[in-house]
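Sending over a structure as structure tokens; questions will come in a sec.
Think of it as A, B, C, D and E in the order they're written, each chain with its own count starting at 1.
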Amino acid sequence: MTVADERLAGTGLARRLLIRPELGAVVGAIAVFAFFAGQSETFRSIEGVANWLDPASTLGIMAVAIALLMIGGEFDLSAGVLTGSTGLIMVILSTRYGLSVWTAMLVALVVALLVGFLNGLIVVRTKLPSFIVTLGTFLMLQGINLGVTKALTGTVQVSGLRRAEGYDQARALLAGTFSLGGTDFRVAILWWLGVTALATWVLMRTRPGNWIFAVGGDERAARAVGVPADRTKIALFMTTAVAAWLVGSILALRFTSVQANAGLGQEFVYIIAAVIGGCLLTGGYGSAVGASIGALIFGMADKGIVFLGWDADWFKFFLGAMLLLATLANRLVRRYAEEVRH
Amino acid sequence: MTVADERLAGTGLARRLLIRPELGAVVGAIAVFAFFAGQSETFRSIEGVANWLDPASTLGIMAVAIALLMIGGEFDLSAGVLTGSTGLIMVILSTRYGLSVWTAMLVALVVALLVGFLNGLIVVRTKLPSFIVTLGTFLMLQGINLGVTKALTGTVQVSGLRRAEGYDQARALLAGTFSLGGTDFRVAILWWLGVTALATWVLMRTRPGNWIFAVGGDERAARAVGVPADRTKIALFMTTAVAAWLVGSILALRFTSVQANAGLGQEFVYIIAAVIGGCLLTGGYGSAVGASIGALIFGMADKGIVFLGWDADWFKFFLGAMLLLATLANRLVRRYAEEVRH
Amino acid sequence: MTATGGAPARGEAGFAVPLLETRECGKTFGGVIALREVSMQVRAGEVTCVLGDNGAGKSTLIKILSGVHPPDSGVYLVDGAPAAFTSPRDALDRGIATVYQDLAMIPLMSVWRNFFLGSEPSLGWGPLRRFDVARAKRTVRQELRSMGIDIRDVDQPVGTLSGGERQSVAIARAVHFGARVLILDEPTSALGVKQAGVVLRYIAQARDRGLGVVFITHNPHHAYPIGDRFLLLNRGASMGEYGKADITRQELTSLMAGGAELEQLAHELSRDEPPGGPKEIR
Amino acid sequence: MTATGGAPARGEAGFAVPLLETRECGKTFGGVIALREVSMQVRAGEVTCVLGDNGAGKSTLIKILSGVHPPDSGVYLVDGAPAAFTSPRDALDRGIATVYQDLAMIPLMSVWRNFFLGSEPSLGWGPLRRFDVARAKRTVRQELRSMGIDIRDVDQPVGTLSGGERQSVAIARAVHFGARVLILDEPTSALGVKQAGVVLRYIAQARDRGLGVVFITHNPHHAYPIGDRFLLLNRGASMGEYGKADITRQELTSLMAGGAELEQLAHELSRDEPPGGPKEIR
Amino acid sequence: QEGGAQTAGSPTSAAAEPPAGGGTFAVITHAASGDAFWDVVKNGAEAAGKQYGVTVSYQGDGDPARQSQLIDQAVSQKVDGIVVSMANPDALKESVGKAVAAKIPVITINSGGDKSKEFGAITHVGQSEDVAGRGAGEQLKAAGVKKLLCVIHEAGNVGLDQRCNGATEGLGGTVERLQVEGTNLADATSKITARLQSDTSLDGVLALNPAVAIAARDAIADSGSKAKLGTFDLSGDVVTAIKDGEILFAVDQQQYLQGWLPITFLTLYAKNLNTVGGGLPVNTGPGFVTKDNAEQVAKLAESGTR
């Protein structure tokens, strides 16, 4: 009974790789890359790569956070607008009230954490679906962003961060570039990799990671074995808020100005990236790496169509077709993987 | 053993009412109505009522269809854009190709059914989450709406339906008004009531209704007892498409012109209305009446803020707060109901 | 005690074509071989018991019979002709009703809706054809009562029933709809002694009405008195099919229990008992 | 055969404060009264069996003991002091481990993750504290093997295990983490005879180590030899708590089975049997 | 006029290889494709491209971050010229600077005229939304409007906000704002109706796109208000309504020119190093379509060049 089991077929490295949830996404990413790289020289040039990695990086940071939340069985629709809110707070505080960029960022972080905490608290206390709760936050933040910005500045955009104290260091850290093979890449790409690695580690190798899978998979059962489900969920909402703060700061530092509707509509894109990367909408399954690759697929398709110079009117059509094909490739590979496994 | 069970507390009419899934939504609706009616005379005047019932009606028709789909465990993100597509088809065919309004509507219906069928077929065949599949359709339809409209007309909007053959009858049927107490109400309100009644009947009193609950509640178990899950799901997607066609036709006939981006973003509002009305995002639970009332709550809150004349910049803030409060009232009532039940 | 192969165990139904028959059927899930080359027969008016340890592949075999999974290898014959069931609906349409161990009920739906799911009684014609709700509720109440289960409220969601109540609803449903073959996967495991007795009586009634019954249980006291043939599975493979004549109660019990080991166990447990009671631990 | 009230059945643990005690506890769900005024005690080194028909309220009682539901009425004492558990975590922290009938496992998670869920072994300090995966897997494999369950692959999602395998994992977990009280809700129902025997042996071991055990089963052959006290529930109400001395095996069996009715039944079933075997249907 | 329709007629024509001697020009605006106003700009640019045998690629995005990424992409594709609308100049500074550093001629259009020179663009075409809004405000003031409702169909959109701000300046009276969903006309109608019903002192409505204008027309009728209606931009229905006197005027920024002229200028710059007006801004409007000239522009609006 303790020797190799006759009821198990090959368990080599190949199989181990094939059953990872990211596998499909990786294949989807390769397919999308091959498609565009084959047709556009700029796309595969190093400048091109730097180009499409740039939007993928901020999207990726958010997608990873949203993926954790989705694995934990919840949604956050307010995350996109929150990136705008944190950016607005930062720029307004440092341009209108003379705070240094660092202090302004700290205040924005506190606000973001508060929003995340409230989202989480309302969800676990009222047991309302997080879709509805964060929809409420989403709308309210949108109103606050516009109302406060208009009230304080009279317009719907604030700018001038460049002149604020501490701008240069903050920019270098969050929104600068680094050179690789003679081309400038955005620092945000490093942050993205870091966030992905950290999230993967938490998910796969720590106790909270185990709890995240559990509360998403079956909250009642998880509670029954003593998982602190409420704390886990609130922490997840706060993590998402921190990611939103990070992305909001990166964007604000880079563009030195923020519009009151910044980030609007992005909440959706984060969820898309996470789902392309293999997260289940119902919770309990997914991976951080998958979400990152989902963001990459989305970023490549989004920019690749522009590189090919296809008519902007049809842009959405191609984007839709591309995403559908990528997820189909993804699914086919996973099926094939399950078949060859025995 | 066959006499009244000592383990059951009062089962009177009150309890029967209290356990209906719509109950909470009804209370939410009453709260929202009372709030606005108390502050705005116009809101509670008959013209005011006619006014806010108007957008609630088209939203309601869609919310009911989306609710059925959500009870069946699926999403449709393409429904909003599809209302635009059907409108565009109708107007383009009858103004540029001289078809009568009725023929154009028929063609639009066929196209809508096809889109719904494809959505459903892809979902059941590939087993990809409907969120992703209909997101693909959503993007593709958006591209087609814009691309085709531009290609055929050179602009991003088509107009002139008024001159088409059969316009007057079609308008009277779908987009006309009827008088009640001296005020004109939109015919769409009757359609809304009809659709809600039909959906409720199907859901509660027919075999397909039973199947809808079952495939949404646990698809594998439903299949195991012989429910034709694939057919049910495809039919649900097609139902949503028909509703989109109906709403698209109503709007096109009413405004006689359609923009290429019509309906964009509304898919979200439909889901919101259904969820406010008590549908579970995970499927298997909800009601058509609830979704209708959800649409009503959304419509009232949306218009009520305008009636009160609150600052437009803060509009979204108030809307968000209102929705959150309505669903909270909803939830509190349901809890209370469960407590008094014993 | 010899494997009977294809020879029937009981006279009257003996030489008829078996209702269901698998020939060397196998099933694999990913890297897991759940079933390999299992042959069995289900005959009208007979109860076929499938016995085996946990994970032996009993439920997998059941799912092949009822159309949930197609077999990966081997043939599956219904009435002597190869069956290609693509869904449990196909099996139901051939009169094969099943109580699954893990695919039982839809928790959010009420008892009466669950009971008739997939086979709803109708009223009216054409587009006005509707679910006959009153009849459905009445029938459910009756069926459950006659099983000795008294559900207070057939409108209660199944998710709020106790484990045994849920099981009873599933059994009542299968008995109600089982036209020719009734397949029961551990139907009695969650039931009280009284309810289990009722279920066994149902099985006997179904058998006497000429149905073929497939019955899975871990309790030899349930299996032996009612079984006509016994299929033994071990780690996915068949250990042979025995007619009742070929096996004694003792042999069956010890086959199911893994032999003498148990006597020793009973000894350990019953510190307050005289050592005379060991055989009771089954 | 008299109800013992609070009097202990066994000498050595007799006059100590009971580990767990409920006094007139009741629980209502919506319109359903699941439990009313039930009093019971769990003592160290004793096995308390809870017996009753389906829907009698056994699982509800268990969930009160393990902190899933707070009682609606009555008091629940742990070590003689009123306990206000707000979650099962609180109960676990007091050393009360439970195998639930319906809240078992997270299907999408692997066996080893499920096993340690909520009590993960850690490695490292501070922010680098991490889940000791290697140890977790090793422990799970060992624990399962010692129960006679051989799971091929502890990385397999629990959702793909057989019913009995899943149950075994849950029991192994509770045994592993049960520090003072072990609560088992129908742990043996999905198990094969061999595996059930192993579980009974575990219960005996736990009892001998001085744990208080609460054991629910429908099988009198499992309950009698190992139980020290027997709590009988009927339709939500307690029918009394008996010490082993106050009840004989026959009384227990007939209490569980609803008496003579069964003999009649066995008769009906076993058409091929000599009429001597009726009592076997239990 | 025909040109716009034809160019758009073949979706991928813009991607076709440029004829000999031509270049590739990227037009990158701050509005997503499908916007009625910007669609005319696109038509103008594409028609010019066809005329001069150059390739024009049009892209747009309301999010300044994404708009700047589009500029970056154009730079790495080494296009021969970039046309950019700068609703949020600060956010685009870096990307435009990158283009200028890469020796790609840049022309700014529509908004951001004051920063154009500073950023190194060779010229600016068209005036900002404020100016157009001010013109609309003045027209309404002339019609006797005291209290105006400015209907914003996309919350937080800078261009729309600037139009309302301009109108406030031009009118000198009270201007209230209303947010509606531009993609849901039933919603827009009923919100405008609600506003007019509950505040009867409103005597003017300014719609910021033609579809909302039609909704506003219906709303004014539904609510029995006497409010005067002005709008931005044209559609067939709007022109008809102007003819019927239901709409007072439509602001016509002649944005076709904001597409056509930059391509012309860039072509000339590429061939001949011409800079028009020595880098001073070139104004394209605003013009007004009223009852008097509605007839003439009706056809043009239908075909997407006005």
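Criterion: a residue touches a chain if its C-beta (ideal position, glycine included) is under 8 Å from a C-beta of that chain, and two chains touch if they have at least 3 such contacts.
Molecules present, by chain and UniProt name: A, B = Xylose transport system permease protein XylH; C, D = Sugar ABC transporter ATP-binding protein.
Remember, predicted model here, so these are calculated numbers, not experimental data.
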item: Where chain B and chain E overlap in contact partners, by chain label; value: A
item: Chains most often in contact, by C-beta pairs; value: C-D
item: Identity of the chain that, by mean CA position, is farthest from chain B; value: D
item: Between chain A and chain D, centroid-to-centroid distance (C-alpha), Å; value: 44
item: Averaged-CA centre spacing for the pair chain D and chain B, given as whole angstrom; value: 48
item: Between chain E and chain A, distance of the C-alpha-averaged centres to the nearest whole Å; value: 33
item: Chain centre separation in whole Å, for chain E relative to chain D (CA means); value: 73
item: For chain B, residues contacting two or more additional chains; value: 7-8, 11, 146-147, 150, 280, 313, 315-316
item: Overlap residues in chain C, where contacts from two or more other chains coincide; value: 31-32, 152-153
item: Multi-partner residues of chain E (at least 2 other chains); value: 8, 11, 33-34, 155
item: Footprint of chain A on chain D - complex, ascending; value: 66, 68, 87-89, 91-93, 98, 100, 103-109, 113, 116-120, 122, 129-131, 133, 145, 150, 152-153, 173
item: Parts of chain B lying in touch with chain C, wherever the complex brings them together; value: 1-2, 5, 7-8, 11, 201, 205-207, 209-211, 213-214, 217-218, 220-228, 280, 284-285
item: Chain A-touching residues of chain B, taken from the complex the two chains share; value: 122, 126-129, 131-133, 135-144, 146-147, 150, 271-272, 275-276, 280-282, 311, 313-321, 323-324, 327-328, 331
item: Chain B to chain E touching residues, read off their complex; value: 40, 42-43, 47-48, 51-52, 54-55, 58, 80, 84, 146-147, 150-151, 153-157, 159-160, 251, 254-257, 259-266, 302-303, 306-309, 312-313, 315-316
item: Complex interface listing, chain E residues touching chain A; value: 8, 11-15, 33-34, 42, 55, 57-60, 62-66, 68-70, 72-73, 76-78, 88-91, 93-94, 154-158, 161, 165
